[in-house]
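Just so it is clear, A, B, C and D label the chains in written order, and each chain counts residues from 1 on its own.
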Amino acid sequence: MTTPDEREIAELTRLVREFSAERDWQQFHDPKSVILALVGEVGELAELFQWVRADEAVTAFAVPERKARAAEEMADVLVYLVCLADVLGVDLGAAARAKLADAHRRFVADEVRGRAPDKP
Amino acid sequence: MTTPDEREIAELTRLVREFSAERDWQQFHDPKSVILALVGEVGELAELFQWVRADEAVTAFAVPERKARAAEEMADVLVYLVCLADVLGVDLGAAARAKLADAHRRFVADEVRGRAPDKP
Amino acid sequence: MTTPDEREIAELTRLVREFSAERDWQQFHDPKSVILALVGEVGELAELFQWVRADEAVTAFAVPERKARAAEEMADVLVYLVCLADVLGVDLGAAARAKLADAHRRFVADEVRGRAPDKP
Amino acid sequence: MTTPDEREIAELTRLVREFSAERDWQQFHDPKSVILALVGEVGELAELFQWVRADEAVTAFAVPERKARAAEEMADVLVYLVCLADVLGVDLGAAARAKLADAHRRFVADEVRGRAPDKP
């Protein structure tokens, strides 16, 4: 049974799949192509932030228009990630929860506190 | 009120935030740093697929170990995306739904059917 | 002494440095910012190819306009790579030659012939 | 006639081509695959810098081992960029010089001085 908090990504997956099916675009969605599309969106996200000072970025992107622009690029990244997961039959939400559980074990809080992590 | 299908990303956000707070790692999570971390994970995802033939990629990644490896890298991408959204105060799920609604309008199914899309 | 074939990247470096200096833009060129800019250009390159079939990509990009677009994005990637190398004091050409010499040793031709490489 | 300063990238191209040919690896080097490999290397470069403070990055990477690691990742990016240019028949050095000449025209120094550039 699906618990309530497992539903949001499934819902996005259904929307992305429907969108592609209505346009007969699944033919373009082999994994390598979708990853390149994801890279394109990550690139657009990076461009928004590239010349903003690191210590001013949060403030700069609190301005509504800029925040909306960032949200759009992040949405695009998520949409392609969801699309890729669907193509590969990966349960993205479950994978993320598993990865975080694993990170808890690998990075013992008392040992790594305040030191620059490798991940995540 | 939050509907059931809006909860999954909020739950991931809570987990990522808790994980970072316990380790005092939020200090490292300025937007540019998190985007670079996201780029690192996208790079690892790309490496998994780089030399696989495009028309064999789905089959090759149906093998459990390989699928698990891809799921892990995709999970890492999602975790950093959720982290970035949290740092910027962006509602990632809402942004993705808005982007898909917008894509429905911009790409009229009857006009673009079967032709390589620009997005998404 | 610099041999003739070591000069091209040095010349590009000089052009990039001059360009930035004339505009007082070096202040923006800390390494993380330049890497984000590089990511942005790699994203634009990826977008050009994302929906082209893998087995048609070379032919599709032999068309002059498309080839010119790809060349531009590749040029942008190189410019930021040269900029980053300059900021970090890295001799990019020497590093690439060293890396290739190392790859020759690590990937013995008779052992790996025809099998998908990990690198490069 | 090739002038001396146009030779370095041609020489790298020759080395990359030879390396691939000896291993019968050209079969893997369709443009989309090479771009994914490039993305993988950019990801490794990003990971080196992700948690370093922006204002400490130059100093941190002046340490010989770290500088050597950065140089290696940058070399990998260049090698795949040269490989892609070779596959597509693009003259990378000429493209970069053309792009810089164009940037000189588009970004008039007196108009943009000291203001965050979009490019490059």
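Here, contacts are C-beta pairs under 8 Å (C-beta built on N, C-alpha and C of every residue); 3 or more make two chains touch, one makes a residue touch a chain.
Please read these numbers as outputs of a predicted model, since none were measured by experiment.
In summary, the pair chain A and chain C forms a contact in which both copies contribute largely the same residue numbers, shared numbers making up over half of all those used. When the CA atoms of chain B are superposed on those of chain D, the rotation angle is 180 degrees to the nearest 5. Centres computed as Cα averages put chain A at a distance of 26 Å from chain C. Between the CA-based centres of chain C and chain D the separation comes to 2 Å, rounded to the whole angstrom. The set of chain B residues that touch two or more partner chains comprises 28, 32-33, 35-37, 39, 42, 46, 49, 51-52, 54-55, 116-117. Residues of chain C that touch chain D in their complex: 4-12, 15-16, 19, 22-25, 27-28, 30-33, 35, 37-39, 42, 45-46, 49, 52, 54-55, 57-58, 61-62, 67, 70-72, 74-85, 87-93, 95-100, 103-104, 107, 109, 112-114, 116-117, 119-120.
The touching residues of chain A, when paired with chain C in their complex, are 28, 32-33, 36-37, 39-44, 46-47, 49-51, 54. The touching residues of chain B, counted against chain C in their complex, run 32-33, 35-36, 39, 51-55, 116-118.
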